[in-house]
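To start, I am sharing the structure in question, which I have written as structure tokens.
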Amino acid sequence: MNGVAPVYAPSPRGALGALGVLATVIRRDLLLALRRKSEVLTSLFFFVIVVSLFPLGIGPEMALLRTIAPGVLWVAALLAAMLSLNRLFASDYADGTLEQMVLSPAPLGLLVIGKIMAHWLVSGLPLVLIAPVLGLQYDLAPRPLAVLILSLLIGTPLLSLIGAIGASLTLGVRGGGVLLSLLTLPLYIPALIFGAGAVEADISGLGAAGHLSLLAGLLALAGFFAPWATTAGLRIALE
Amino acid sequence: MDNKIIHWFKFGSPQTFYPLAGKMVPWFWALAAIFLVVGLWLGFFVAPTDAVQGEAYRIIFIHVPASWMSMFLYVVMACWAGIGLALNTRLSSMMASAIAPTGAMFAFLSLWTGALWGKPMWGTWWVWDARLTSELILLFLYLGFMALQAAIDEPRRADKAGAILALVGVVNVPVIYFSVKWWNTLHQGASISMSKGSTMAVTMLWGMLVMALCFWMYSIAVALMRVRAIMLERERHTDWVKYAVE
Amino acid sequence: MQWNSIGEFFAMGGYALYVWGSFGITALALLIEPLLLRKRQSDVLDSLRRELNADKQQRKPE
Amino acid sequence: MFTANNLACVRGDRHLFAGLGFMLEPSGRLHVTGENGSGKTSLLRILCGLSLPETGEICWQGESIARIGDEYHKNVLYLGHHNALKEELTALENLRITAALADIAMEDKQGAELLGRVGLAGREKLQVRFLSQGQKRRVALSRLLWSSAPLWVLDEPFVALDTVAVTWLAGIIGKHLSAGGMAVLTSHQEVAIDGGIAQTLRIAS
Amino acid sequence: MNGVAPVYAPSPRGALGALGVLATVIRRDLLLALRRKSEVLTSLFFFVIVVSLFPLGIGPEMALLRTIAPGVLWVAALLAAMLSLNRLFASDYADGTLEQMVLSPAPLGLLVIGKIMAHWLVSGLPLVLIAPVLGLQYDLAPRPLAVLILSLLIGTPLLSLIGAIGASLTLGVRGGGVLLSLLTLPLYIPALIFGAGAVEADISGLGAAGHLSLLAGLLALAGFFAPWATTAGLRIALE
Amino acid sequence: MFTANNLACVRGDRHLFAGLGFMLEPSGRLHVTGENGSGKTSLLRILCGLSLPETGEICWQGESIARIGDEYHKNVLYLGHHNALKEELTALENLRITAALADIAMEDKQGAELLGRVGLAGREKLQVRFLSQGQKRRVALSRLLWSSAPLWVLDEPFVALDTVAVTWLAGIIGKHLSAGGMAVLTSHQEVAIDGGIAQTLRIAS
């Protein structure tokens, strides 16, 4: 039997072309994020909050603030990325979309890359874009500020990639939230150290190139392995 | 019931207030324009150059009035919202919603002009000083109020929820304000050399006051315009709106 | 009067960027807000009139 | 053809049923009855492949559903006690998302027409949490209108509906059966459905 | 009419009294938190993460760390409290319990106080208890550490009280998560300033008593007004 | 005596009803009927004081409920579409908490006996999320057994119950009315209740 004629048929079921899959997945996730509006804003707003709260807690001394600025911005970006992770696959898992994705003719790895890219566009890129304003509030000079932005630009996709592995492994697991942080945190630490380190190296005149290229190396490595690991994690979660 | 109260409620009802507000708006615009011209004239042509700050100090003529307005308007907004909550009068709640965007705009202008002033004077766009921080928080309070009202679809609930937030926020304003004492502050207090009684200080003070009056008139005019639009939107299904439209 | 020429007035003693940046944005904000409000008011009125006309036309044939 | 053989279900330390089986041909419908807590919902979830039976096998077109897995899911439409709607989204948004998950693109206009058919005209843009209980159920039921799945598994579909809607729903199910579909249903209310060949399965507790 | 004889009467009404009702609400929420396990841990774990990440981003300089310690711990506590807020009333709202609470003969304000106290016990108190360990990581001397703990002990209930207002106002509202932070953030700032300020004042030899008593004053104020505002917010949400 | 006068209800831009009124004496019951979304639940929530009517007044023993507030709530038992149960707690724990909120101390033994009466013997220590839909409803309904509130406001109490339970519930309501209680109910199912003086109020939409 090949299906019963529906009472009302809006449009035929259409198979997705394997090539358009990436774009479709990204577009779909961006659309969903826009619909839920609050989700786009959550990461960004959280980032801004965390960064703005510190001067209030630590005091208004400019020299001190300038010293801790890279650390604060990086930790805030890391936390913002971590908090947005559990939404990466959860809703698709809950409502069965993920099963459909596994079934789709396109390779699952491609879909996963699409989802990770969308995640970065929604919760990573806005942080990079707002960072200059926050840097000014910490009175960072233009050069360290530029290095900071660059390090975030390389670092945030890295956070999304690494986080995706953790998100796939904790899918549907009880108390997943805590577990997720527990898993991703150790993996995030190199990014934090090299990212914040780049700015400090630049300020102290050592040059940021070394740190930044290490960060880029990590990104390349993660870009290669993370989608693969995530795919495996998803398959395990769905079993 | 007391006749006066009934009379008051008559003006407190949207259908009588709508045309009344419409008549008042042009007058407030006219006043705002007059004060603007006088204020700018005082600010740019009468007030002399500052010995220390040069011409940059002229930002004061909008920075200070804008800062004042942002704080006054919050209190006024909270009062209207509180009246709306206590007496369940629709009009007062609408007034509160009408004031919020203008207050937020003045808070933003205070921050903006302050930042532009800070760069030449302090050498930085921003410092985490008590005054500046409290102004930023005020902007957040306005934004929170507006966002909460926008997020709730039923006007009645939006009014009440907004009123509670506005009232709670009012408690916060003086608290933030007094924290100046515990913070070493870069921003001057009432430190204009006004106390010396020089002619320059007097013209400066007048310029600021006249500009503040201009902003007051502007705020009233704009709030009345906005409350008229809100009335039409909210009461679109009532008879008086149909008459008003025709 | 402390300005000797228009150019001097606009230069603001070297602080032109800051002074005119402040006044400019303020002027812009105070101009845009009423314009937006006028548009909002006329939009509401338009939609209300349209509704009213639709109502009338519905009622007429009966 | 849809068959189940020797099904048993255990929950905690409780044996809900055992040795249960049936066979459903196109146009057949199966009424599952039983007291509260006898295991109707548990059975329906097993039939959908949502949970595994203790023993026994379920076959779709002669193939075990455990083996064909997701291929089978394309043929099933399940409607549980819960409406599976997001309260903060509008009826239309909910509809479009559900359709999108079934890989069907639905225009706003089509969605609005569908909602009109379930008696929600003029409420398309209302958040679901504002809808009445029966209206929420209607939004959930609108899936029946566009689904092309041959097997419908409906857990108390008539709950919360008013009498007009109950009759309407019975008609829709009848139509589906006449078109060669199958249905497995539970209901504590007596509802007359026209069309299809009826069987009843009573789970005793 | 004074009540109809119930079909089955376990015991007459009025056995518990106001305190009994309060205890019931608290015990109920604690029981629920224990059953959901991960919820208890989330706040605590988040707090520990945030605090531990900073030395990694900023560098291991002890003097610097000691200076920023109070600010970091306070900001972390504030974020942890903020993130746990949306669970305060949401589940009671979704399953109809809140309606029953409004209708129960016990005054709603009392029930709200009970819920806020339970929230503090679950997501505030653990932070205070773990804080000494974290303070040691930042090489805080015993005296400032004691002041820090004390400020957290007074401050965290304040955070719960203020947060409850925001939670009640955003109940069932679209995009409630971001909105909740937007609403509570400005209200949290005084707590942050006085709380972190107390430790700094102690370190700089000014004495923490002033800040702490201000914080206590805020707590008293909030203890008085917040339940009232929250109750009003809940009634509005249910209307 | 329970009276309502000239009640009107507006939701969004929709006028659900207006000029609605009734009078209920001891032993009286009021059936509220109407289509899905006509405003039955909205009316019941207004009658309980959970939401405010647009116009009109509700009086309990001649006093406006808006004025006596919490005093009125002691006389009302409301059962809505939701069961108001915590899924993670056991049936017994749920029961004890509900009782405690009504300021009634309940021993475990008494709770267990009550649960036995609603047909949940042996399931007292099971978390509510494991119970079937009908069993959850029964736990919620167990409040009717120990409540001494004279006015029962029940929104579709029969939903999800099997036929035995429906008869049992109708009996309980009848007993309450015979003892001088009052009830306001909605139901899309026809259920015969013995006892009390019936009135029907239809909300047309």
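When the chains are written out, they are named A, B, C, D, E and F in that same order, and each has its own residue count from 1.
Going forward, contacts are C-beta pairs under 8 Å (C-beta built on N, C-alpha and C of every residue); 3 or more make two chains touch, one makes a residue touch a chain.
Small disclaimer: the values here were computed from a predicted structure and weren't measured.
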Handout entry: Neighbouring chains common to subunit B and subunit C, by label
Key = none
Practice task
Can you grab the rotation angle between subunit A and subunit E? Superpose on CA, round to the nearest 5°.
Solution key: 175
Problem - Chain occupying the most central position, where position means C-alpha average - result: E
Completion exercise
If you tally C-beta contacts across D-E and across B-E, the winner is B-E
Problem - Separation of subunit B from subunit F, taking each centre as the mean of its C-alpha atoms, in whole Å - result: 49
Exercise for the section: Averaged over CA atoms, how far is the centre of subunit C from the centre of subunit D? Could you give it in whole Å? Expected result: 56
Exercise for the section: Give, as an integer number of Å, the spacing between the C-alpha centres of subunit B and subunit A. Expected result: 40
Practice task
Could you give the separation in Å between the centres of subunit C and subunit E, each centre being the mean of its C-alpha atoms?
Solution key: 44
Problem - subunit B residues counted as touching two or more neighbouring chains - result: 133, 153, 183, 236
Practice task
For subunit E, write out the residues touching at least two other chains, lowest number first.
Solution key: 174-176, 179, 182, 185, 189, 193, 239
Practice task
Could you tell me which residues belong to subunit F and also touch two or more other chains?
Solution key: 11-12, 81
Completion exercise
The answer for subunit B against subunit F in the complex is residues 153-154, 236-237
Handout entry: subunit A partner contacts - residues on subunit E that touch it in the complex
Key = 37-38, 41-42, 45-46, 49-50, 53-54, 56-59, 64, 67-68, 70-72, 74-75, 78-79, 83, 174-179, 181-182, 185, 189, 192-193, 195-196, 200
Problem - subunit C to subunit B touching residues, read off their complex - result: 1-3, 9, 12-15, 17-19, 21-23, 25-26, 29-30, 33-34, 37-38, 40-41, 44-45, 48-49, 51-52
Problem - subunit F residues touching subunit B - in the complex, by the definition given at the top - result: 11-13
Handout entry: Interface residues, subunit F side, partner subunit E - complex
Key = 26, 48-52, 61, 70, 73-76, 78, 80-89, 93, 97-107, 110-111, 113-114, 117, 127, 144-150, 172, 175-176, 179-181
